[in-house]
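Look for chain A in each of the two complexes below; its partner is chain B in the first and chain C in the second.
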Partner chain A sequence: MWRKSKPYLLLLPAAAAIILLFFGGIFDGLLKSFGYFPAIGQTELNLAAYDRLLSSDAFWKSLTLTLRIAALSSLLSAIIGALVAIALFFLNDAMKTTSPKVWHRLFQLPLTIPHLVTGYIIVLLFMQSGFVSRILAAIGWIDDIADFPVLVNDTFGWGIIFTYAWKEAPFVALMLYPVLSRIHGSWREVSRVFGAGNWQFIREVVMPVMMPAWMVATFIIFVFTFSAFEVPYLLGVTYPSVLPVYSYQLYTSGTLADRPEALAVNMILAAITILLGLVAYYFSKRWNVLKGWG
Partner chain B sequence: MNDLRIINMEKRYKSAQPREENSFMLRPVRLAIREGEFFSLLGPSGCGKTTLLKLVAGLLEADGGEVWVGDENLTNVPPESRRFAMVFQQSLLFPHKTIEDNVAFGLKMQKVGKPQRLKAARGMLEHVGLSGFGSRFPDELSGGQQQRVALARALVANPRVLLMDEPFSALDPGLRVEMRELLSRIQKEFRVTVLFVTHDRDEAFALSDRIAVMGDGKLQQVGSARELYECPETTTVASFLGLRNILGGVIENGHFASTDQLIEAAVNRPLANGDYFMIIRPEALKTTESDQSGHVRIQGIVQEMKYSRGMYSLKVKAGHQFMECVLTISQAEKVAVGEPIDLFVDTKEVWFIKK
Partner chain C sequence: MKKHPRFLSLFLFIGVFIFVIVPFVPLILTSLSFGWRWPDVVPQAWSLRAWEYVVNDGRTWQAVGISLWIALIVTAINIVLAVPAANALMRYRVRGRWLFEAIIFAPIIIPPFISVMGIHLTFLRLGLTETVLGVVLAHIAPTLPYMFRAVMISYQTLSTDWEDQARMLGAGAMPRFFHVVLPHLLPGILAGASLSVLISLSQYLITFIIGAGQVVTLPILLFPFISGGDPGIASAYSLLYAVIAILALIIMDAALKRYYQMNKASQNQSKGVKP
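Here is the complex of A and B:
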C-alpha cells in the first residue's frame, strides 16, 4: 500500500501548489466573473458582467482583432515555417558532403529568444523612428522617417503579426523537419522513375506526409497567439486591443466594478482556448491514424 | 522495334581518399536488349549491376555513353520523362496512399483521369492476385504482397522498359519462387522488356531469356543460361556460376594434360595448342559408366557428403585438387566419406577455356 502510494505522496506538495494556484485562480476568476465579489459587498451570482461584455462594442472589436491577429500570425508562420522546412530538407539532400548544420542552427535561433525580447527587437527595427526606417531614409528610399508605414503600434496589428511570424515560423519548421526527414531517400527515385518532377513530388509525397504535423503546429500557434499577452501589450494600440490586453485594461482601470467584466473576458478566452484545443486534439487524433508509419 | 540499347555507358566513383584514384568504376558497357526480352544482369554484390541499372533509369548521371530505346536517344532525358518503371529491393510504396493510389501513381503523373487510372489499377491488382486489396494501406500487407503491389505499380503505366533491382531478395525462399512464377507469367502476358538485376543464379536462370554476367565493374559474358553454364568464356564466369572443377593444363595436338597430371584426355574439338583450363560440371561426373569409351577416369577420396533436395553433393580430393560432383541417392549409397571413389566424365561434356 505504502509502496504504491509513495510516489503520489511525494508529488503531493508540488501537485497541491499547482492545483491550488491554477484551478484555484480559475475558480476564483470564474466566481468573480459571475459577480461574486465580497470586497465590494456583492455575494450574489449573476451573469451581468457577461451581459455587459457581450453587448459592448469594445469587446466585439477586441475579439475580431484577436482572431484576425491570431489567424494571420499562424498562417504566416505556417507558410514560412513549411517553406523553411522544405528548403532545409532539399538542402540536406543536395549538400551531402558539406554539413547543412549551420543552416539548421540559424533557423533554431529564434526559438531561444523570449517573446518579449522579440517584441522589443521588432519595435526597435520597425517603428517609424526605428532602425529600418532610418536606414531607408539615409539611403534615400523614403524622404523622411515619417513616410515609413506605421507597422508597430498600428491598429491592424502588423507589428504583432511580424513578431509572431518571426518567432513561430522556426517552431513550425522544427515540428516539420523530423517528419520530413522520415521521407525515404529512395521515394524520390521511385517518384522520378514513375514520372514525378520536383513539384509533383512535393505535392504528392512531401505535402501529405507533413500535413498532420503542420496542421497541429499551426493550431498550437493559433491557440497561443490567441491568448498571449506580452507581445500585443508591447506592440498593439490602446484601442482596439486584443482580448488579453483588454482584460488587463479593464482590471487595472481603477474601479473595482469593472473587475467582473475583466475576469469574464478571461473566462471567455479560456473557453475558446479549450474549445480550440479540443478541435486540435480531435484533428490530430484523426490524422495520426495515418497508416504505414509503423 | 523498341529495343533497349546501352552504348558504352560508364561511371566512375571518386574515392573518399583523394590519393586513391577511382575506387570503383563501371567500365563501358555495350548491350542490346530486344523488345519483350527478359534480360538479367547477374553478378556478385558490388560488381556494378545496380549502378548500371540506375544509369539506364537516369537516376545516376553517366560519365559517358548513351541509352537508346528504338530510335530515340534517352541519354539526356530526365528519368521522369523516360517512361520506364522500376521495382526496387524494398517495395517503397507510399505509406500515406492506399494500395490503389500507389498503383495508380504513375498514371496520375501522366495526367490520366481518376476513374480511368483507378480502373487500370484495379485491373492490374487482379493480375498480381490482389483484387480487393485496393483500399488498404501498405502496412496492412505482408512483404510479399507489398512487392506484388510494387510490381503492379510498375506495370500499370505500360512502361517501355521495366527495371528490377533484386526485387525478391528480401523475401523468404518459398515466396521468392512464387514471385518468380508470377513475374514470369506477367512478363510473357504483357510482353514488357525487363532488365533484371540479381545476384541469385537460380533466379536469373529461371527467369531470363538472356543473362549478362558482371564482375569487377564490367560485362564478363552475355548469353542464355545454358550457353553461360555449359560454355563459360572465363574462369570468373565459371566459378560465379558454381563451376568449381577447374583444372589448369596444356593442350598439345588435340590432347589435354592437367598440370598436376590428374587427367589426360583427348580433346574432341579443334583447339590450338596452348595453356587451357578444363571445366567439368559437377553433374557431368558419374560414379559408374557401363560404356567407358570416351570417358576419363578420375580417382579420388571422398572428403565430404552433403544431402540436399534428393541429391548428394560430394567433395572429392583427387591429387591436390578438390572436385565437386552431384550424385543420385542410389549412386551415393555405395559411397562413404574417407573411402576411395572412381569418377567418370564424358570428354564430350568437358569445356576448355584458354588461359
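Here is the complex of A and C:
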C-alpha cells in the first residue's frame, strides 16, 4: 500500500499548494464573477457581469488593444532575436574560440532587468523630452520638443511594444541559438560546393532549421505580453487600457458592483491564455523544438 | 571571405552595444544630473542629491531587506515542495501524470494576478492581507513551476543505481538523500532558486493587492517615483533595483561554479590525479 501511494504522497504538497493558492483563487474569482458574494447576502449565480461586459464598448476596445500590442511586441522581439541569433551563429562559425560567450552574457542582461525598470528606461529614452529626442535635436532633425512623436503613454502602445522588444528579443535569441548551433560546419561547406552564397545558405538551411523554435518562442512571448500587467500599467493610457489593466481599474474603482465585472474580465483572460497555452504546447510537442534546450 | 567575419563582428558589436548598453545611459545620467533641460544631450550640472536621498532614506534598505527576505522564504518553500514532487514524477509510475504536470505548470500560462484578485477577499477574511506571510503565499504559485522544472531536469540524470549502492553499503534513507541525492540535485536547485528569486523580486501587482501598501518591497517603493515622480530619485531607485536583481543572480551563479570546482577537485583527489 505504501509503495503504491508513495509517489502520490510525494506529489501531494506541491500539487496541494498550487491547487489551494492558485486554482482556489481562480475558482473564488469565478464564483464572484457570477455575482456570488455571501458577505453582502448575494448567493445566487447569474451572468449579469458577463452580459454588461460583452455589451460594453470599453471591453472590446481593450481586447483589440491587447491583441495588437501582444502581436506587435512578439513580432518585433522575434525579428530582432532571430537577427541576433543568426549573427551570433555566423560569428561563432567564423572565430570558433573567441567572444561568443561574452556576447551571450551581454545579451542576457535585459533578461535580468525587472520589467518596471525596463519600462522606466523606455520612458527616459522615448518620452518627448527624452534621450532620443535630445539626440535628434542635437543633430538638427527636430527643433522643438513637440516635433518628437508621443511614444510613451500613447494610445497606440508604442512604449509598451518597445519595452517588450528590448526585454524579450534576447529571450528569442537564447532559445534559437542552441538550435542553430546544431547546424554542422560541414553543411556550410556543402552549400558552398553547390554554389550557395551566405544569403542563400540562410534562406535554405538556417531558416528552416530554426523555424519551429522561432514560432514557439514568438508564441510564448505573445501569451506573456497578452496577460502582463506592470508594463502597460506604467506606459499605457487610462483609456483604452489592456485587459489586465482594465480589470485592475474595474477592481479598484471603489464600487463593489464593478468587482464581478473585473473578475469576469479575468476569467475571459484566463480562458484565452489557457487556449493559447494548449496551442503552444501542441505545436512544441509536435515539432519537438525544445530538444536540447533547458 | 576573410574580411567578412570582422565586418560582421564589428556590426554586431555596434548593434548589441546600442541595443543593450545605450538604454542605460539616460538612466545613469538622470540619477546624477541636476535640472537636466531638454536640448542638452549631457547634463550641464551634476549632483548626488538623488543618490543621497535613496541611500539615506531608511525605507530603501527596509524595502531591500523585505524583498530579499520574501524571495528567500518563497525559494525555501519551493525547494521543499518541488524536490519530492519532481522525485515522484521522474522515478515512479504515476497515474494521471499529465494532470499533475498540468496543475504544477499552470501558473506559467495563466497570469497569477487572476488568482490573486479572486482570493483577495478570502485572504482579507483570514487576516493574511497586509502581512509578509500573505505576500509569500501569493508568490509561491508564480515561482514554483520554475523550481519544479529545474529539479526535474536534475533528476533525469540521477540513476537509482547510486542510491541502491549506498543502500547496499548500509546507508539509511536520510543519509542516502543527503549524501547521494541532494549533491546531485544541487546545481538544478540553484538554477531554480535563481529564477525563483528573480521572479519573486519582480512581482508588483500581486504584492500590491495582498500587501495593500503595508508590505513595501522594492517594486512597491519604486512605482510612485517612476510613474510621474522625481526623475532623479526614480532613476536611482531603478538602478538600485536592477543591481540587486543582477547581484542575486551573480551570487547564485558563483555558488554554482564554486560547487562544480569543489566537485572536480574532490573527484580528482579520489582518482589520485593532481589538479
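We take it that the second predicted complex is superposed on the first by the 264 of 294 C-alpha atoms of A that agree within 3 Å, B and C clash if a C-alpha of one lies under 4 Å from a C-alpha of the other, contacts with A are read in each partner's own complex, and residues count from 1 in each chain.
Basically, a residue touches a chain if its C-beta (ideal position, glycine included) is under 8 Å from a C-beta of that chain, and two chains touch if they have at least 3 such contacts.
No experiment lies behind these values; they were computed from the predicted model shown.
K.L.:
Of the two partner chains, chain B (first) and chain C (second), which one does A:A196 touch, if any: first, second, both, or neither?
P.N.:
Touch partner of A:A196: chain B, not chain C.
K.L.:
Between chain B (first) and chain C (second), which, if any, makes contact with A:F23: first, second, both or neither?
P.N.:
second
K.L.:
Just to be sure I read the superposition right, which of the two partners does A:P244 touch: chain B = first, chain C = second, or both, or neither?
P.N.:
second
K.L.:
Which holds for A:I135: it touches chain B only (first), chain C only (second), both, or neither?
P.N.:
second
K.L.:
Who contacts more of chain A, chain B or chain C?
P.N.:
Residues of chain A touched, chain B against chain C: more for C.
K.L.:
Thinking of the overlay built on chain A, is A:A87 touched by chain B (first), by chain C (second), by both, or by neither?
P.N.:
second
K.L.:
Determine, under the contact definition given at the top, whether A:V205 touches first (chain B), second (chain C), both, or neither.
P.N.:
In the superposed model, A:V205 contacts chain B only, not chain C.
K.L.:
Show which residues of chain A both chain B and chain C reach, each in its own complex.
P.N.:
Overlap of chain B and chain C footprints on chain A: residues 294.
K.L.:
Considering only the defined contacts, which chain C positions touch chain A in the complex?
P.N.:
Listed in rising order, the residues of chain C that touch chain A are 4-5, 8-9, 11-12, 15-16, 19-21, 23-27, 30, 38-41, 80-82, 84-85, 87-89, 91-94, 100, 103-104, 106-107, 109-119, 121-122, 137-138, 140-141, 144, 148-149, 153, 198, 201-202, 204-205, 219, 222-223, 226-227, 231, 234-235, 238, 241-242, 245-246, 249.
K.L.:
Where on chain A is chain C touching in the complex?
P.N.:
Residues in contact with chain C: 6-8, 10-11, 13-15, 17-19, 21-30, 32, 39, 80, 84, 87-88, 90-91, 94-95, 99, 103, 106-107, 109-110, 112-117, 119-125, 129-131, 133-135, 137-138, 145, 166, 169, 198, 223, 227-230, 233-234, 244, 247-248, 251, 262-263, 266-267, 269-270, 273-274, 276-277, 294.
K.L.:
What does chain A use to touch chain B in their complex?
P.N.:
Contacts found on chain A: 184, 186-187, 189-197, 200, 204-205, 208-209, 290-294.
K.L.:
Within their complex, state which residues of chain B touch chain A.
P.N.:
Per the touch definition, chain B meets chain A at residues 57-59, 78-86, 88, 90, 92-97, 105-106, 108-110, 137-140, 153, 157, 163.
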